[in-house]
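Everything on this sheet refers to the single structure shown next.
Each chain gets a letter, A, B and C, in the order it is written, and its residues are counted from 1.
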Amino acid sequence: MSTPPTKPPVRPRRVALFVTCLVDLFRPSVGFAAVKLLEEAGCTVEVPPLQVCCGQPAYNTGDRATTRAIAAQVIDAFEGYDAVVAPSGSCGGMLSHHYPGLFDDDPGMKARAENLAGRSHELISFLVDVLGVKEVGARYDGSVTYHDSCSGLRELGVKDQPRNLLGSVQGLELREMKTPEVCCGFGGTFCVKYPEISNAMVGEKSADIASTGADTLLAGDLGCLMNMAGKLQREGSAIRVRHVAEVLAGMGDLPAIGEPERG
Amino acid sequence: MSEATNDARAQILGGIRRSLRRGELTGEARSAVETRLAAPPRGPSVARARLPQPEKVALFCQWADTLNATVARVGADEVPGEVTAYLARNNLPATVAMAPSPLLEGYDWASQKMLSIRRGRGEGSDQVSITGAFAGIAETGTVVMASGPDHPVSLNLLPDTHVVVLREADIVGGYEDVWERLRARYGKDRMPRTVNTITGPSRTGDIEQTIELGAHGPRRMHILVVRD
Amino acid sequence: MESTAHAFKSNVDHALADPNLQDSLAKLKVGFSERRRQAAERLPEFEALRDRARDIKNHTLAHLDFYLEEFERKVIALGGHVHWAPTAADARRIIAELCQSVNARTVAKSKSMVAEEIALNEHLEALGIAPVETDLGEYIIQLRNEPPSHIIAPAVHLTKDQVADTFLEHHAKLGFDKRLTERNDLVAEARYVLRQKFLDADVGLTGANFLVAETGSSMLVTNEGNADLSNTLPRMHIVLASIEKVIPTLEDAAVLLRVLARSATGQESSAYTTLNTGPKRPGDLDGPGQYHVVLLDNGRSSVLGTEMQDILRCIRCGACMNHCPVYGAVGGHAYGWVYPGPMGAVLTPQLVGVEEASNLPNASTFCGRCESVCPVRIPLPKLMRHWREREFEKHLTPKAVRQGLALWSFAARRPALYRRLTGIANRMLALFGRADGRYRALPLAGGWTRFRDFPAPQPGGTFHARWAKRKS
């Protein structure tokens, strides 16, 4: 019996970047890092212009009608691409895990939502699990600790993928927190609706981060990163905070989140 | 049954059926659940509950020991002597309350001249009790006590020290094997009034999440595993 | 008990400022989750057992009427009695009447969250019947006149020193006039005091972890042995259980027991798992002469068949709260009623009304850790979100939140407008001092900047603006 010919891995060629609202407004470099990583892995990256937000603020406030309207808009905007990739587990999870459930009473839209869900990915897991990327050519001289953002970890199973790629970054040393999987207290609108609880949570997180002795904190979601950066900086910590994609894309020399411009 | 009870019962059952959007179960749907009840399906089988008998016995002893009981493996003729020796080793009084069970009467207690035995239910002042066990569960080092005239429940609970005599042949793999034995012994619809499955001594973690033994039940459990 | 769930925010302030509570919570967060993780790892079949546990509960809920009737039939056949209580008031009345029928003066109680739910103690006390809590944690908080703060560890919010003070205050009259400093001495003193209460009690009242339809048995899982003394020594045993506690068979119990203890305390098995079936039999030397089961609905039947039904699978292990970072920050009392943590955030609005408990399902980051450890796989974040949807429909969502959301969604549904607005926001934020890289204060963002700096946007415009330039 002859062995069947091994198929070359199917690489989605036309990839749409779902930028996310926070990256768009606060840290475009994360978007450019994502584009760079995807292009280096052989993808053609496009940024559909009609995209805005994935709808989580409405979804998590219980406004289902608005969420559906926004989801329908996203489904339209990302029609026809081989894959949709977000540099965020939370927005990626919204597209891939929550959209179909919004249209239980509308079979036509549900089918489209499921189609989008099947094509939607968080950036790092897309690179590793779908494209088979095993290493990156970046260098980062420093010790980093990695926070597992909740949606990426528990909805999408993003855990080893970023650590594996970080392992290929020259000069980088990974130091784990005691509880990297515990929520940082961001939670979207939660952090302003219940600021005292959020502060207690991020305070505990910053202590765990500091106890690693790492000089840099990384994660895959900008919301969590802004929350943790804001707390560390309020506490006077010198720990720098970056999106994991920036370091993997060799853009680790940019000013960190909340750091002033240089020069 | 009073009228109030009847109304309340109808109200709850009717509410459930309304929520489930159906009437009382009938026909095939009913016979399916009746079948399930008559021949209970087992859950996923647990590998460590499926060992050969000698390994079951060893696993039982290992878990019982890990979970704060003490275990002595003895021959049938050594049971009374081991009880006396255990009490002496632990500076316990040689006065015991014993379950009036045929199993225990099969041992030669008269050989222990220093041992004073009262047979009957447990009393608040008892220091030490001796009971048999209906079964042992290898999976977790658990002893199973079935209540009846030969085994008052209070003996499992009131004394500071509980000595359990368990035959190797009565050690089974998991809970399911105990249920089978109970049905075989007592009938499918007639559980004993009380079945206590007991894993180690009484304990509490209610003060500062730190385990202390002997909250309300026995502080010490000593299990004599008797060779066949 | 009286709900203070409406005062969640001020409860939170108290909790965050209580150093004893914060010490206890620091310990809880590490201890329970680590022990659960190790216990799960020791049993390779654990995940398969969780799936089966979920399926068993789903099967039971779909046939709940059948299994309750079957359970009742078996209890009666062996000489027991079943009482149906549609409401909390019905359950209180039934239990009081049972106690009065034997002229009970004291009731030895084993920890029952359902008894807390129906405020049984207050009712019995008003009738001159003394309920004595016998679970050590429940006993401590009964002496302190506090509600439980955790469903399996009711006194987890207290330190050893607080317990020592409480015991000295209440036990001095019994001759224990020395303040204790060691945990084992405190446990021994409680054992001694409560032993006499067990021997004196006329009625033993317990909850049930499961009611087994096949055999008509109530099943109870404890570590102390107090429940077993409660159901063995007094002349009447009353089991108070809510209707969703019924399960089909002993085989199903075996599956649920394997996930219960491991999820709750990380134990291979709790010390005592007990099946009680009917009253004492002829020839028995001990046991209660009467056995009664009170089945409480209290709104549960109306949850069946709704999007909230999954919460009825709950087996009250406490894993969700042990792993919840919000519970870990504020403890159980902040939730304001009997059931705290994620399962409480879903159940409490059902039982006391969503108006009263509107904060609870909102006070979650949806981190999902609760769902990831739930032994019966209840999608707790999803159920909390359903409550938020109901609140939104009922206009209970705070006005400021609604207005903010309305503005945002107006823009978010118009991409061109949204681009212009983000462009403006990007430049506006720059005006507030981009040179520092962050802001210590920002208009309209006090909730954030009270505790955290706010990072400034990178220079050069939004991503979309820069991408458009790069492409042109």
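Note that in this section a contact is a pair of C-beta atoms (placed from the backbone, for glycine too) under 8 Å apart; a residue touches a chain by one contact, two chains touch by 3 or more.
Here the structure is a predicted model, which is why all the values come from computation and not from measurement.
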Shortest path length from chain A to chain B (each step joins two touching chains): 2
Chain whose mean Cα position lies farthest from chain C: A
A-C compared against B-C, more contacting pairs: B-C
Chain occupying the most central position, where position means C-alpha average: C
Chain centre separation (chain A, chain B; CA means) in Å: 52
Averaged-CA centre spacing for the pair chain C and chain A, given as whole angstrom: 33
Separation of chain B from chain C, taking each centre as the mean of its C-alpha atoms, in whole Å: 29
Chain A: positions in contact with at least two other chains: none
Contact set on chain B toward chain C in their complex: 5, 8-9, 11-13, 15-21, 24-25, 30, 33, 36-37, 40-48, 63, 67, 100, 120-122, 124, 140-142, 147-149, 152-154, 156-158, 174-176, 179, 188-210, 212, 214-218
Partner chain A, residues of chain C touching it in the complex: 9, 12-13, 16, 325-326, 329-330, 362-369, 371-372, 385, 387-393, 397, 401, 405, 408-409, 411-413, 415, 418, 422, 425-426, 434-438, 440, 445, 447-448, 450-464, 466-468
Residues of chain C defined as touching chain B within the complex: 24, 27-28, 31-32, 43-45, 48-49, 52, 56, 59, 62-70, 74, 77-78, 83-86, 90, 134-137, 140, 153-156, 158-160, 163, 183-184, 186-188, 190-191, 194-196, 198-199, 213-217, 223-226, 228-229, 231-233, 243, 248-255, 257-258, 265, 267-281, 283-287, 295, 297, 301-306
For the chain A and chain C complex, residues of the former touching the latter: 19, 21, 23-29, 31-32, 47, 49-53, 55, 57-64, 66, 69-70, 73, 150-151, 154-155, 181-183, 185-202, 204, 226-227, 229-231, 233-234, 254-255, 257-261
